[in-house]
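Okay, here's the structure, questions in a sec.
Letters A, B, C, D, E and F mark the chains as written, and numbering starts fresh at 1 in each.
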Amino acid sequence: METPLINQLGVVKRNIVRADAAARDRLAQFGSATIHEAMGRVGLMKPYMRPIHAGSHACGTAVTVLLQPGDNWMMHVAAEQIRPGDIVIAAVTAECSDGYFGDLLATSFKARGAQGLVIDGGVRDVKELGAMGFPVWSKAISAKGTIKATLGSVNIPVICAGALVNPGDVVVADDDGIVVVPAAIAAQVADAAQKREALETDKRARLAAGVLGLDMYQMREPLAKAGLRYID
Amino acid sequence: METPLINQLGVVKRNIVRADAAARDRLAQFGSATIHEAMGRVGLMKPYMRPIHAGSHACGTAVTVLLQPGDNWMMHVAAEQIRPGDIVIAAVTAECSDGYFGDLLATSFKARGAQGLVIDGGVRDVKELGAMGFPVWSKAISAKGTIKATLGSVNIPVICAGALVNPGDVVVADDDGIVVVPAAIAAQVADAAQKREALETDKRARLAAGVLGLDMYQMREPLAKAGLRYID
Amino acid sequence: METPLINQLGVVKRNIVRADAAARDRLAQFGSATIHEAMGRVGLMKPYMRPIHAGSHACGTAVTVLLQPGDNWMMHVAAEQIRPGDIVIAAVTAECSDGYFGDLLATSFKARGAQGLVIDGGVRDVKELGAMGFPVWSKAISAKGTIKATLGSVNIPVICAGALVNPGDVVVADDDGIVVVPAAIAAQVADAAQKREALETDKRARLAAGVLGLDMYQMREPLAKAGLRYID
Amino acid sequence: METPLINQLGVVKRNIVRADAAARDRLAQFGSATIHEAMGRVGLMKPYMRPIHAGSHACGTAVTVLLQPGDNWMMHVAAEQIRPGDIVIAAVTAECSDGYFGDLLATSFKARGAQGLVIDGGVRDVKELGAMGFPVWSKAISAKGTIKATLGSVNIPVICAGALVNPGDVVVADDDGIVVVPAAIAAQVADAAQKREALETDKRARLAAGVLGLDMYQMREPLAKAGLRYID
Amino acid sequence: METPLINQLGVVKRNIVRADAAARDRLAQFGSATIHEAMGRVGLMKPYMRPIHAGSHACGTAVTVLLQPGDNWMMHVAAEQIRPGDIVIAAVTAECSDGYFGDLLATSFKARGAQGLVIDGGVRDVKELGAMGFPVWSKAISAKGTIKATLGSVNIPVICAGALVNPGDVVVADDDGIVVVPAAIAAQVADAAQKREALETDKRARLAAGVLGLDMYQMREPLAKAGLRYID
Amino acid sequence: METPLINQLGVVKRNIVRADAAARDRLAQFGSATIHEAMGRVGLMKPYMRPIHAGSHACGTAVTVLLQPGDNWMMHVAAEQIRPGDIVIAAVTAECSDGYFGDLLATSFKARGAQGLVIDGGVRDVKELGAMGFPVWSKAISAKGTIKATLGSVNIPVICAGALVNPGDVVVADDDGIVVVPAAIAAQVADAAQKREALETDKRARLAAGVLGLDMYQMREPLAKAGLRYID
């Protein structure tokens, strides 16, 4: 079976390889900033993506959707591919702020076990989504609905908000942003995130006690070497 | 008396025909997305307009204001034209983010019975407006005040955030956006919105029970006809 | 010792003249809009700067930082210069939305007595910063971290979000925006703000009682002179 | 026959009342800035609209088109409604930068006698359009093509880039922007533009000779009254 | 040897598989819009990317560069990897408008045989680049230079302006935009583009002769079926 | 006489200290990028400022103007303060894209000896300005005119597009951007620019001959130290 191209239209892939569930659940304990650092500072979507409700957090294995501008037909096709623990990642082939998603689709996605939605477009029914506790990250909020007339794809690799997402990758989203962890390295990234977090707890305590980063990180010498001048 | 042009300067119309109050009150029960659909998918302002406080909702008959950049003189002229149940819709002749509205004007508008403000510009005193419970949708928030030196107009047709608003039209605003219902069709749109909402309640229940949109909306055949391919 | 140029790189000024603490504390009682008006309508940063948590308020004497794009080394240098009652004002030499600041630096800044941070760039650890009660105003939120490789400066004059900030100036930030009060006129601006606020209390009461601004400000005659026409 | 709503979908109006051809031809001699002033400073589209080639100029009677995002089906419907001397004004129901128009449609529009295109969306084949001498004003340039699947409308009132355009209105576009002159007042606006231009020729000569605007417009006294202070 | 991750830092791949030169040269004859259509409507970068000089055209095999914000060190590393017929595609790990490229680097790239540069950031020396005839597509123009302090990568897969580019892919850029053709399908896409262009020549002639698209594409029946109403 | 605050309203300073004319004329020979580097990488306005005609170049001593949104009254006040060799730098107290400047003012400015205009707002009469050969850099182009009703200032320090400009400073503008050289260091910056340019001529020749920057700048060792890995 041929591999679909990025953004190829008219294809639904049914059997995707999801990241290991245990690794996904471990990643769920970390923030997007920590995971991004643990991966070697890669994997983030662009910062224009924002949670529609402050304090949102989600982690899941990606079911990807490629939408056409102003058309959410593929969201219904995607619903059938969702399994418990998935998160839906929706890309659009053009910049279009329409509201592709609202409380009806959220009801369906939730019933299928989705952990949330990340969409490089608009959503609506913001209040209802908040009441349902279904977390959403989007580029826009718009009451304008969409039609169901043109094919996109489901579960092909997509570029969403500047990040490549393969179906099955782990996606972690919170107030700081959205990070994509390739399925193959999910466990290894969880390990690195855990180490990083342990180190930070110790640093936080020292900084709270008044130790300066200048001393804790031994920056005084490199700063002087770089030529920093103190004046009075 | 001649009809003012859209955006004509220097005119205040006193006797405007407001939409039927009963229709307005029925429209107040629906969200902007539902009303927009009920109208045949028209009437929305652009999605850059946002409530300054999440969870805001307002519905009223429009008193329109046309402002000049950096000048809020006409807001005071508009205050006198407000009647209980109105909502003020302010357009600006240029893109200018100044804060044209704050808690003093809000106190006055509220005393006159205004339900809220929609302004294609900036506002300030955000915290105070929240404490007063006066809902505002705007393009920007800015502490920068304005002057009172140049004439605009009140109660002429204006284009606000991409939508035409005639004085007396019903405007409904919430977290999803802002929709304008022409006065002449307010009752008819309320009927359509009610029907739509009734249908959605039923759909929501079925989707929550796990029925797929693919089946509920009978999409499988048209998708196949359009050429959607499932691969493994 | 020579005066550093605006945005000059590689300099840390240790002994800065802070605005009078009493004047700073009086300014802390007013909002940014009131202070901006009291200064003769000057001193505001651009409205794209927003608090990362609604309802934030901070007032302090400025410790300024000039950062290079994607590099937060100077934040650590700045920490050492913070004294209780200061607020950190960070400019970046280019538009870059990276997250220059997170909960570790906030812990250190707070331990030094900082009242908050204003940064013309991005920040991360939004939830943690909220939990700590450390107020931040920024241009962006981004999980993307920064490196520590290139020199900027501390306590030189900087232009942050369109406003000149000299170290020691008083900066007041709230939901409406951010205003910079030159140290030399802090007391005088506090006086003017107090007078303005007293006047507003009276006006608010009259407007709440239904008096129109048209009458309270005696606008009817100048409006007629400017040519405003009332039609029916 | 009922009047279509602004942005109503699925309607083509065949018999529209075009502005008087003589008035249109007189308006063709003036720039958009002059006409906007002559109309009382109204009627301009937003400044984000730009000619795709510098030095473009067009004037015609409006054939309006309402497009759906990512769909240019209605452009073909519009072609049939074009008469010599028309200009096509295309609005889109959502913000979407796709390329709705290229050299094939331009060939057809030109064969029908169109003077140019104004579109609140994207276009492509920029080089070919330049070679053909077919002037276009747009919001974006994009190689991305569109589909032909959903109905919009032709010759209904539309809001394009913030301006209301009724079919048959005169639209003048140049390097400075795009102005819409309602058909009913086209002759009267042409008169006013002519007067304004005559006045400007005289003023230009005096300013070139070194006369100051301060004296020519007698501004010194009002400036002094407004409180302008000269210092040394 | 392991495959580098997208956006992985600190790696230079020397031996990349370039698309077939004959296929590349055939693709050079087509515009970006035609190639995008020939590929099934995929592969375009975002429309914010613009040529710094109108009328630019370039086609080459991609040498990719990943830059850090405000740092162009890797551009020098990339120069060594350029072979005649290549085009350099530069991504930046953050949105930063600095001028990463000017006439000195262009001199070096040109000496190595580069056909042009596509950069998701800023460039400078615009006039000199025009005089040299070295075509550049960028997101911004900025006189602000960059430093050489932090590692990025060369010849790894990058996401540039929303498109995935693998080293060796063919990239075609012109006034309409930038399209990426995966190396493996370059010949096949050239075939499809040629067929498409042949068809268009015929269509253009018929449209120029006054045939309507409505008839040429047999749209009247589907439009009627979709419900289009003609009114008078 | 007291020093005006930045952005203080209602003041015209007549006797300003202009940078040395010889230094200004020497700076006129360099591009904005070279001067910015020669100053230690400071002094640039933001890159959203663009010449309205490609290929523009201007250098002059700054006459500064502070405008209110939608009001160009102070431009006429500024005209009187222009001396041959000056360049006008106009800031606006708010973001407002109106056209504050057109061919009449340009005629007056030119008659007074102005070298050009830099304005953090909009301009109009683009074609006429090109024909006159009067260079302009602006944030926007807009046919919308302004009023003459509110006071700004002339020849006070202003912040224009993110850069502080004191009256009398040298401003150099070209296709790459706009750089501000404080009057006191104009000669010294001209010296540094000259040195820099001499060095670049030599480097250009070597790069054109095929020498790599990697070798010319001796980057191979620091790259290896930083950890750059070459793979095959």
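We take it that a contact is a pair of C-beta atoms (placed from the backbone, for glycine too) under 8 Å apart; a residue touches a chain by one contact, two chains touch by 3 or more.
Note that the structure is predicted; figures quoted are calculated from it, not measured.
> Hey, what chains does subunit C share as contacts with subunit F?
The common neighbours are B, E.
> Cα superposition of subunit A onto subunit C: how big is the rotation, rounded to the nearest 5°?
Subunit A sits rotated relative to subunit C by 120 degrees.
> Rounded to a whole Å, what is the gap between the Cα centroids of subunit A and subunit F?
42
> For subunit A versus subunit E, what separation do you get between their C-alpha means, in angstrom?
Each chain's C-alpha centroid was found; their separation is 27 Å.
> Using Cα averages as centroids, what's the distance between subunit D and subunit F in whole Å?
32
> Name the residues of subunit B that each touch 2 or more other chains.
41, 47, 93, 95, 97, 142, 144, 150 - these are the residues of subunit B that touch more than one other chain.
> Strictly by the criterion at the top, what is the full list of touching chain pairs?
So, checking each combination of chains, I get A-B, A-C, A-D, A-E, B-C, B-D, B-F, C-E, C-F, D-E, D-F, E-F as the touching pairs.
> Show which residues of subunit B lie in contact with subunit A when the two form their complex.
31-33, 36-37, 41, 44, 47, 50, 54-55, 174-179, 200, 203-204, 207-210, 212-214, 217, 219, 223, 226-232
> Would you pull the subunit A residues touching subunit B in the complex into a rising list?
1, 4, 10-15, 53, 73, 75-77, 79-80, 97, 99, 102-105, 107-108, 110-112, 122, 124-127, 140-145, 148, 150-151
> For the complex, give me every residue of subunit E touching subunit A.
Listed in rising order, the residues of subunit E that touch subunit A are 5-9, 40-43, 46-47, 93, 95, 159, 162-164, 182.
> Touching subunit E in the complex: which residues of subunit C?
68-71, 93-98, 142, 144, 147, 149-150
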